[in-house]
Amino acid sequence: MKNERAHSLLEQLGGLDTNLFNKDFLLTWKQSGADLQAVMLAAEALEELWRANIAPRVFAGGLAVSNFRDKSTRTRFSFASASSLLGLSAQDLDESKSQVSHGETVRETANMISFLTEVIGIRDDLFIHEGHEYMAEVSTSVDEGYREGVLPQRPAVINLQCDQDHPTQSLADLMHLQKTFGSLEALRGKKIAMTWGYSPSYGKPLSVAQGIINLMTRFGMEVVLAHPEGYDVIPELEQIAGNHAKESGGSFAKVHSMEEAFTGADIVYPKSWAPYQIMERRTSLLRAGKSKELEDLEKECLANNAKYKNWECTEKLMKLTKGGEALYMHPLPADITDVNCTAGEVAASVFERYRLRTYNEAEHKLYVIAAMIMLTRFEHPAAVLKNVLDTAAPHRMG
Amino acid sequence: MKNERAHSLLEQLGGLDTNLFNKDFLLTWKQSGADLQAVMLAAEALEELWRANIAPRVFAGGLAVSNFRDKSTRTRFSFASASSLLGLSAQDLDESKSQVSHGETVRETANMISFLTEVIGIRDDLFIHEGHEYMAEVSTSVDEGYREGVLPQRPAVINLQCDQDHPTQSLADLMHLQKTFGSLEALRGKKIAMTWGYSPSYGKPLSVAQGIINLMTRFGMEVVLAHPEGYDVIPELEQIAGNHAKESGGSFAKVHSMEEAFTGADIVYPKSWAPYQIMERRTSLLRAGKSKELEDLEKECLANNAKYKNWECTEKLMKLTKGGEALYMHPLPADITDVNCTAGEVAASVFERYRLRTYNEAEHKLYVIAAMIMLTRFEHPAAVLKNVLDTAAPHRMG
Amino acid sequence: MKNERAHSLLEQLGGLDTNLFNKDFLLTWKQSGADLQAVMLAAEALEELWRANIAPRVFAGGLAVSNFRDKSTRTRFSFASASSLLGLSAQDLDESKSQVSHGETVRETANMISFLTEVIGIRDDLFIHEGHEYMAEVSTSVDEGYREGVLPQRPAVINLQCDQDHPTQSLADLMHLQKTFGSLEALRGKKIAMTWGYSPSYGKPLSVAQGIINLMTRFGMEVVLAHPEGYDVIPELEQIAGNHAKESGGSFAKVHSMEEAFTGADIVYPKSWAPYQIMERRTSLLRAGKSKELEDLEKECLANNAKYKNWECTEKLMKLTKGGEALYMHPLPADITDVNCTAGEVAASVFERYRLRTYNEAEHKLYVIAAMIMLTRFEHPAAVLKNVLDTAAPHRMG
C-alpha cells in the first residue's frame, strides 16, 4: 500500500478519544494525553502528505488570522505555512493599523475579525500574567459570538506563545525527540536538562522553559530544570510539572548548577529567560509608564545576567552528558558566542554540530499548528485526512 | 429543494436590469434602485452559500487590492474575507512601502497594481473633498488602461469609505434593517434617527451620516438627521437626501435636538462626526503644513464638542423611542461611556443590550463587498452563482 | 486549434535544453541563451493563458516569500500576481518584525522561512557589492537545507533587483522589444541608447543600466551606454557587456554625450543612477555609521547631478533618433519634468506620448517572474503547462 505510514497514523488518530473539536489550544497542561497524542499523529500525517506531494486542502476559503504582539520569524512563517497547507487565507491583525488603537474592546475585535475565520493564532508573551489572559478573553468572546449566532463557525484560538506556555514549540520539540529516539515510549527514563543560558539581552519570555518542563514530565522523562539562584519560573507551573512527573512515573528536579543538570543527560536545552519576578516588576513599570525605572531595571537585570556568563553550553559541559553525546535543542535563534554575540547561550562549535538538527526541530512547528487546526475545526479529522489521502490531489502538478 | 432561499434570491437577482458590469461602486446615490437591490440579493445569497458550506470560489487566481489611507479593522477584514470567499488573493497597497512615496502619479500606480487585479478597494476618508476625487481618478485610470489594452480586465473600484459616502456600511445597515423588520417594504414609514453623538475624539469622518440619510430616504423611510448647531454635513448631500425622500414617498428632516429625533423613532443611529466646515479648515491647514494652527483647531473643536456631552444615547432617551424599543445601530467601534471613555456616544447599558445585534449588523459588510465584486466583475452574476449552488463544492471538507 | 499561439510557444519551450530546475535566477549573464529563451517563451505562454481565461494553478499550497529591502510597487505587485497566478500563497518577510532584528544569521533565516516554500524573491539594491552577495548566501543556505533533508523542496531564489542586475526588469524589457519589433531576430543591428538622465534624487541603483547593457548585447544589438564623465557603472560589468557584443555580432560602446547616443537610435532608455564610486563611498559611510559624512556626500552628489540637468530626454533629442521615432523605454516611475519634479529624466510631452507603452512594458514583469518560478521548480515545465492548456480550467467562472 502506498503511503503506508500515513495510513497507519490516521488509523491511530481515528481511534483516539479527543476533546478538541470547537475548542482552543492554549496550554498543554489543560489538554488530555489523548489530545496531545492526536496533535502528534495529525502533525506527522500532514508532514507525510506534503512530502508525498499530496495537498491537504481541506478548506476552500476562510481566514487564518494571526496577531503577533511580539517579533517572530519561525512562528509567523509556520502559521502562514499551515494556513496555505490547509487552504486558508492568512490575514495578519496589525493592531497599530486597526481600530484597536481607537479603544475597541477585545470581545468586539475578536468577533469583528471572525465572520469567515477558522483559526486565530496569537503571540502575546511580553507581559507576565497577561498573555494567557488575553487569549482566554478572545476565546470567551468567540464562544459567545458562536453561541449567539453572530459567527457561523467558532474559530479556534491557538497559542503561538504566551507568558506561560509555548505549545506549538514544545510539541514540535516532542516530535523531534520522538524521531530522534524512535518513539514516545523510548523517552521514558531519558534525562532532559532544561537549563538557563547566558544572553546579552534582557526580558526574554519564560514560556519555553515552562512549556518543556510541563510537557516532558508527562512522558516519564527525568526532567531537570537548572538556573542561577533567583531566575525562577512561575512557581505554580513548577508545581504542575512535579505532579505530572509523579503521575507519569518520571521525575522533576530543580538545581542551580549547569554541570549538575548536564551530567548524564540524554538531552540538553540551554535557553535564556528573565526571572518571573523581574517580569512582574517590568510589567508594573510598563503599565505605570515609568520609563526611568524601566531603564534602571534593565541595567540591574543585565548586570545580574553578567554574573552568569559561565552558563554557556560549552564543549566541556557537553562532555558531561550521556556518552558526551546528548542531543542539543534550541527553539532558535540562539545566542551563539562569537557568531551573533561575544558571549551567549552556546559555544559556536557545539551549536554548529547540532545546527541542522535544530532546523529539523523547527520544521515540525508548522505541522503542529496545522494539526491543531484540523483537530479543533473538524469533528472527524482522521476521516477528513483519510479522504485527502485517498484522493491524493498533488500540491505540485506534473 | 435544498437551499431554497438561495435559489429564490438568485432567481430575483437574475430578473434585475443592473448596470454594474465593468463599473465601480463609489456612491449609492449614483446607482439605480435595481443596482442597490442586486447588491442586497447577491449579498444575502452569498451569506446563504457560506452558511450552507458551499464555496463560491468563482475566481481561481487574481488579486483583490486594498488601499487603506486610514485605520480599519472591520472593513479590512471584511475585504480580506470577501476576497477569500470568492477565491481572490488579497494584496494590500502600503503606500509608504511603495514608489508612491517616490512621486508616482495616481494613474500610473492604478495601472501598475492592476495587471492581474479584479477589484481595488479604497478607504480615503481623512480629507474632505479629496477621498471621492481620488477614487474617481483611480477609476478613470483603470478605464484608460482597460480601453487601451494595457489591462486584460478592468478592476472594479470599490469605495470602502470616502469623505462623502460609506456604501459598504450603509448597505450592510440596510440588510440589518431588512432582517430586523422582515423586508425592505416593511421599512416604508419607519422613522430612523441619524444623530450626532458626543465623542472625546476629533476629526471623525462624515461618511456614515451622509451615507445613511442618502440611502434610507430611498426606501420610503422617515429620516431625521439631528446634530448640534454648526455640526452640518455637506449641504449638497442633504439636498440629495431630500430629493430621494420626495421620490420615494418618505421624508427627510433636520433637527437640532436629540430628544426630538428619538421621539417615536423605530431606529436610532447615534454616531459622532466632525462638522464639514471644520474638516475643510483642517484639510487646508494640513495641506499648508500649518501644525500650530492644526493644534489650535483641534483644541477649538474638542472644546466645542465638550459643550454637547449631553448628546449621549442614554436609557432616558431610548424611552422616547417607539415603545421604548427602537433598534440601536452603530458601525462600531462605538465610544461607550465608562467602557472605553468617560463620556461618549452611548451609555453602557444601552450598548450592552444591543451589542450582539451590532455584531450581526457588521457581519453583512463582507457579503456586501463580495456582492459588489460579483456584480461589477461578471456580466451574468446570477448565472454564475446558480452554477456555484448546483455544484455545491464545500468550503470545509468532511 | 484553439490557443494556437500558446501551443506553439510550449512546443518551442519543450525543445530547449535548459539548466534552471532546482536552481536560482540571479544574474542574466550567468544563464545560457537557452535559459533566457525559455523564460521568454514561458512568460509569453503564461500571458496567453491568462488572457484566454485559463488558470495556470500548478501549485495547490506552498509559499512564495518576498523580501523587499527597498521600496517597490511594480515588482511587489508583480511578485504577488505571479504567486496568485500559479497558486502559491504570497508571504512577505518584514525583517523589522522578525527575529532577523534579533541577530539571526542569514543561513538560518533562509531555512526557517522555507519549509513549505517554492520561491524566495529578493530586492536588495541599496548597497553596492552587497545585494548579490546576500542573494548568493540565501542560495547556498537553501542548497544546504535541501541537500541535508531539512527542506522537502528547494526554493528558488529570484533576484527582484540587486546591486548588479535587475533581471525581471530587463527580461520584461526584452519581451517589450520583441513585441514592438516583431521578434528577437529583428533586434539584430538595432541601436539602443541606455543613457543616464538627470534626477533631483540621489542614490538610485545601477542595476537597470547594468542589466540592459548586459542583456541586449546578447541579441546582436548595437548597445550604447551614455553618461556624464564620472557616472560609471561597475567596470567588470561593462567588460562582460563588451564580450557579449563580440560573441553575438553586436556592439557595445560608451560615450559621454546624450546627443551622440540618441543619434540614429531605434530605442532610447534614459534613466538616472548614482556613480558606482559614490555608491561605494556611501556604503562604507553607512556601515561606519558616519551620518555627518553621509549628509555631505548627498550634498556633493546632488550638486554634481545639478551640472547635468541637460541630460533630459526632450523632444529635440528625440528628433535625433531613427526617423525621430525611437521607442522610449523606462522601468517606471520616471522623473518627469513639470509632472512630479521641476526638472527630470524626461520631458512631459515625450513621456506622455509613450506612457501607455511603458505600461505595456511593465505588464510583462509578472509573467517573467512566473516563468522563472515554472522553470526553476518543475523539471518539465512545458509538459506541465501543456497539461494546464489541455485542462483549460478558467480563472474567472461563467
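In this document, chain identifiers A, B and C correspond to the written order of the chains, with residue numbering beginning at 1 in each.
Please note the rule applied: a contact is a pair of C-beta atoms (placed from the backbone, for glycine too) under 8 Å apart; a residue touches a chain by one contact, two chains touch by 3 or more.
Note that the structure is a prediction, hence the values are computed from the model and not measured.
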Problem set entry | Self-contact between copies subunit A and subunit B, residue sets same or different by half | different
Problem set entry | subunit B onto subunit C, rotation angle from CA fit, given as a multiple of 5 degrees | 120
Problem set entry | Mean-CA-position distance for subunit B and subunit A (Å) | 40
Seminar exercise, completed: Multi-chain touching residues of subunit A, meaning two or more other chains, are 89
Exercise. Where on subunit A is subunit B touching in the complex?
Worked result: 58-63, 65, 88-89, 91, 93, 97-105, 108-109, 111-113, 115-118, 144-145, 148-150, 152-153, 377-380, 383-384, 387-388
For this session: Name, in rising order, each residue of subunit B that touches subunit A in their complex.
Result: 50-51, 55-57, 68, 71-74, 76-78, 80-81, 83-87, 89-90, 201, 332-333, 335, 339-341, 356, 359-360, 362-363, 366, 393-398
